[in-house]
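Have a look at the structure that comes next, please.
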Amino acid sequence: MSGQLEVASLSAGYGRLPVVFDATFVVHAGEMVALLGRNGAGKTTALLAVAGLRYGYGSRTVRVDGIDASQRSAHAIVAAGVNLVPEGRRIFRDMTVEENLRLGAFVRRRAGRGSVNADLSRVHELFPALAAARGKRAGELSGGQQQMVAIGQALMSKPKYLLLDEPMAGLAPVLVDEIYERLHVLVGEGLGVLIVDQSVERAVAHSDRYYVLDAGRTVRAGACKAAALEPIEQIVLGTSALGTRHLEGPALAEN
Amino acid sequence: MQLFFSALVAGVAVGSLYGLIGIGYTVIFNATRVFNLAQGDLAMVAIMASYFAQDVLHWDEFLTFITVIPFVVLVALIEERAVVNPLLRRGERGGIAWFISTLGFSLVIETIVSLLFGTHAIVAIPSPFPVSGFNVGGTILGYRQMFVVGTFVVVVVALELFYGRTWLGRAMRATAQDRDASSLTGISPSTMSMLAFALGGLVAAIAGLAIAPLTFSNPAVGLNYTLKGFLALAIGGFGSIRGAIAGALLLGVCEQLWDLYIGSNFEIVAGLAVLLAVLLTRPEGLFRTTVARVV
Amino acid sequence: MRAPTGSLPRALTIERAGLLLLLVLGIVMPYLAGQDIFELGQLEYILALAMMAAGLNIVLGFAGQLFLGPTGLFGISGYMAAYLALHYQIAQSLLAMCIVGVVAALVLAGLVALPALRISQFYLGMITLFLALMIPAVFSRINAFGASTGISLVVSPTFLQHPSGIALYEVGVAILLVIAAYSWLIRSSRLGRQLATIKSDDVLATSVGISPYRAKLTSFLLAAVPCGIAGGYYVYTQQLMSPGSVSATLSINVLAGVVIGGSGTIAGPIVGMSLLTGASQYLGVFHTYQGIIFGLLLIVVAVAMPEGLIGVAHRLTDRVREALGRRRPVPGAPPAAPERAPDGAARPPRPALVATDVRKAFGGVQALDGVSITLRPGQVHAVVGPNGSGKTTLLNLISGYYLLDSGEIRIGDTRIDHQPPERTARAGIGRTFQTPKLLLNEPAFENVLAGADHAAGASLWQAVCRTPKGRAADRAARARARWCADAVGLRPEDLDKHVIPHGHQRLLEVARALATRPDYIFLDEPAAGLSIAEVAELKRAVEVARADGIGVLIVEHNLPIVFEIAEQVTVLHQGKVIAHGTPAEVSADAEVARVYLGRDYGTRATTKVVEPS
């Protein structure tokens, strides 16, 4: 099986805090998939676990284009072609925009200056604001610009699959549209995108397929085209019968 | 007045030595958030090894140079693997554990060296430079002193270039700022911490080789250099090379001036006095790095 | 022995056994090792070091502060005692030397602590290490103190060791036991719990009204006492004080003794120090390779065995107990919960908490942009909003953990912004945290007790010295803690555990906040990760608080819960208030729907800011 990122039976947590019990999803190359669910459902933990951080407390099966990447740690997952843009705009605030972007290409540092420069130009094309601000310290940028740096940084590694954890949080609607537009361009070129967006309607409007995560499990999935929003919203807001059944997971033993 | 300038020159030279130790800490601390309490002992190992090579095996300076440095780097890497990495992997941030384990390591090194060489002082190894110096407006700048300062400058410049211009250097800065975010960028934190210790060992080795011809040494000086290096950083601010330089030079000069005007009996108090002065006025040191959020 | 009023670290039996063993050994040793002056001198040296270790343990093990220079305190005590003894006959008794030692140590500890404790842990470690290096260096240069040869009391014509011989040694054992009791009194009292909160997390400490700085300073001063006695005893028994007596290496050795024995326990440091020093004195091989052995042990303990030898002993006895089918006796099991809240006397009506036009930016991001909110006593007020809207920032700001850029926060007429968080806590605000902050290695009940301590009626010293008033206050705190734990649905078997499941962690935090007798409680996403049953307990707890007249502020994502229990809801978006009112009003608000669900996404409606009524 090629051309897809496959995650199965993902369980993860923090220390004694189990958060994800059984998450499963698939992202194909060239498609945008929405990961929905209310806060506390485990979306962030699931993505962090896929990306190789904090999976030590559970187990996971991750396959990238058919190759098993389940045992890899974070930096090796990036090398395998999966890149996570975590929530909270975690860029390197003391470094300039240019340095941040270049650092994104760390896994490709042997590819040569020319290749890296070409990617840099591409990112500048996608996000012109970054070209203008290249010498500025990343910590001094506005929230929206910082988000662009974060996404640009991830793109510099030429990922096959891009995971985005609430990239729209705190951004003005105009910016949100812009970012979605750019992502569509990239998806058109073959990138597989998994995006977490708290706004159900918006995410479904832009994506090809969706999954709903609730209380650490994948509870619903489907195509976005004909999707009925009501049932999804009810799960996300926790009001449906399905949603309020907070399934108790096994307590993890003391390490 | 003459004496003042001589003390100033001596202070800069001594400060350069402290600075070399201090930079070793900074390099390691920046990438791992661990303050290597065995740093001074690494320099001490370099001193002892160079003594052994030159005075016992009668090797020439070049051979000594190219064997002592990799040897000390190796010791630093052993420290990283055995003593620091297990803690970093467990996610120990701050607190007692790494402090105690690096302290333990320094004790082990010091004892091994004592057993091999005895605890009495060894004579300084012959220096390639003559004792004399050249005269600038009445003050003598010793060749040896200038060599030490020159070495310091070279190391600083080399590190600045490394951090600013190379992939690995930038990666190390990123790891220092945010370990998780940097691993999401494809940087292996484990490799970074090994690299940091290797660099720290390299700088400690250079420091030791610079100190060896200047003065008597014995295995106990390790802790002394450790503390002096810490003082330099406490004054100048942790986390930045500029801070290490400023603090080290200030410390060295203050010590020499104290020695000149107050007498050499309590120069050890000089360092503490400067430190307290800085702590009471600017607790993060003269060059502070980013301020952290609490909750 | 009477049942202690304080609660103790686990398996006191191990520690009692260890101490008993040491006591027996202590009394018996001279008959084993020899009774001549030299042998006794060696044993007395071990005793002095063990006393120092017990002192270090108070600040390192109980309070978790990286104090690495016990020999600094020991050295100044010894030098002062020796100097005065040499010149004044009145200062030549053991008692006098110990008193001088304690005073000298207290002065130095105070001087060092004042600046040093305002900075981070690791600075403290280095500065105290520096202190250890400095003391011998300084004293070796002062002629009045004998320069490099030190002060020898043998030369004094009037000095006479009395008691001497075995009696002197046994007196030392007795002193060591008294010091052990001193440690125990501290550890098992309210003061010990305060130190334990500091050890776990400064933020946790401030949230229950403890000033971290004062607690750390106290731990320093408390540690100075055994170190001072050690110095006095040392000089009296060895009749000598020189720079060689207080090398920096000795400091590291004492640290090793404490850590390897078991830092934070009562018996551990004494056992560890005695064993290591004894081995060094009596085993030649050990002595030669002492540095390597100590060093390797330090590394092993730091990396693999943080609880030291005592911890290993606990684990072994646990396994034996399991094999025998018996459970470890857990101390401090609280009695049955009282029917109604103790000290539930009528309290004066509480004033409202009003935050006006609060602004806060982090770097280039404006987290709060002119937010105003009013909390009323006895009212449940929820703050909701999407990620990044500023909810948690607001909560942290009002409880005092962030400094606002502009605006004000008042309770009644008193302003509560621009003050340290522990003062805000003492002004009557209790809170929980997004990620629960609990005490390390303590049973669950201790956490709630830490909160109840805050409202204790007696002073700290009364608590430590176990005066009737102190004991009464302790009982009252326990009763209150028990009641609060019960109110949130925690059962006695839950309270005894050391490994606490996540749901209980959150409920524990709520109980702890309740126990501080607050006027307002802030709950930061309390429902995250809770099961249905636990959510029900949470709702019950909120109702209990509300009925008691406490104002509850909840920051939550889980809207159904919020809409069930809240009377007022404030909705934040991008740092501004976009809606405010009853749950019914807010859920019908179009703007809220748009923001949360992206409804009417196609039509680009402009953001309207609704002023709070």
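To keep things simple, chains are lettered A, B and C as they appear, and every chain counts its residues starting from 1.
Going forward, a contact is a pair of C-beta atoms (placed from the backbone, for glycine too) under 8 Å apart; a residue touches a chain by one contact, two chains touch by 3 or more.
The shown structure was predicted, so the numbers you read here are calculated from the model rather than taken from an experiment.
K.L.:
Which chain pair racks up the highest number of C-beta contacts?
P.N.:
Answer by contact count: the chains B-C.
K.L.:
If I average the C-alpha coordinates per chain and also across every protein chain shown, which chain's average lies closest to the global one?
P.N.:
C
K.L.:
Taking the mean of the CA coordinates per chain, how far is subunit A from subunit B in Å?
P.N.:
42
K.L.:
In whole angstrom, what separates the CA-based centres of subunit A and subunit C?
P.N.:
That gives a centre separation of 40 Å.
K.L.:
Using Cα averages as centroids, what's the distance between subunit B and subunit C in whole Å?
P.N.:
34
K.L.:
Among the residues of subunit A, which ones contact at least 2 other chains?
P.N.:
93
K.L.:
Once bound in the complex, which stretches of subunit A touch subunit C?
P.N.:
14, 16-19, 38-40, 87, 93, 139-143, 146, 166, 169-170, 173, 198-203, 205, 233, 237-239, 244-246, 248, 251, 253-254
K.L.:
Would you mind writing out the residues of subunit C in touch with subunit B in their complex?
P.N.:
On the subunit C side, the touching residues are 60, 64, 66, 115-116, 118-123, 125-127, 129-130, 133-134, 137-138, 141, 203, 248-249, 252, 255-256, 259, 288-292, 294-299, 301-304, 306, 362, 396, 401-402, 433.
K.L.:
Show me the residue ranges of subunit B that touch subunit A in the complex, using the header's touch definition.
P.N.:
Going by the criterion above, the answer is residues 167, 170-171, 173-174, 177-178, 180-189, 289-290.
K.L.:
Which residues of subunit A touch subunit B in their complex?
P.N.:
Counting only subunit A, the residues touching subunit B are 51-53, 73-76, 78-79, 83-84, 86, 90-95, 99, 102-104, 106-107, 109, 153, 157.
K.L.:
Which of the residues in subunit B come into contact with subunit C in the complex?
P.N.:
Contacts found on subunit B: 35, 82-83, 86-87, 94-101, 103-112, 114-115, 223-224, 227, 230-231, 234, 265-266, 268-269, 271-272, 275-276, 279-280, 283, 293-295.
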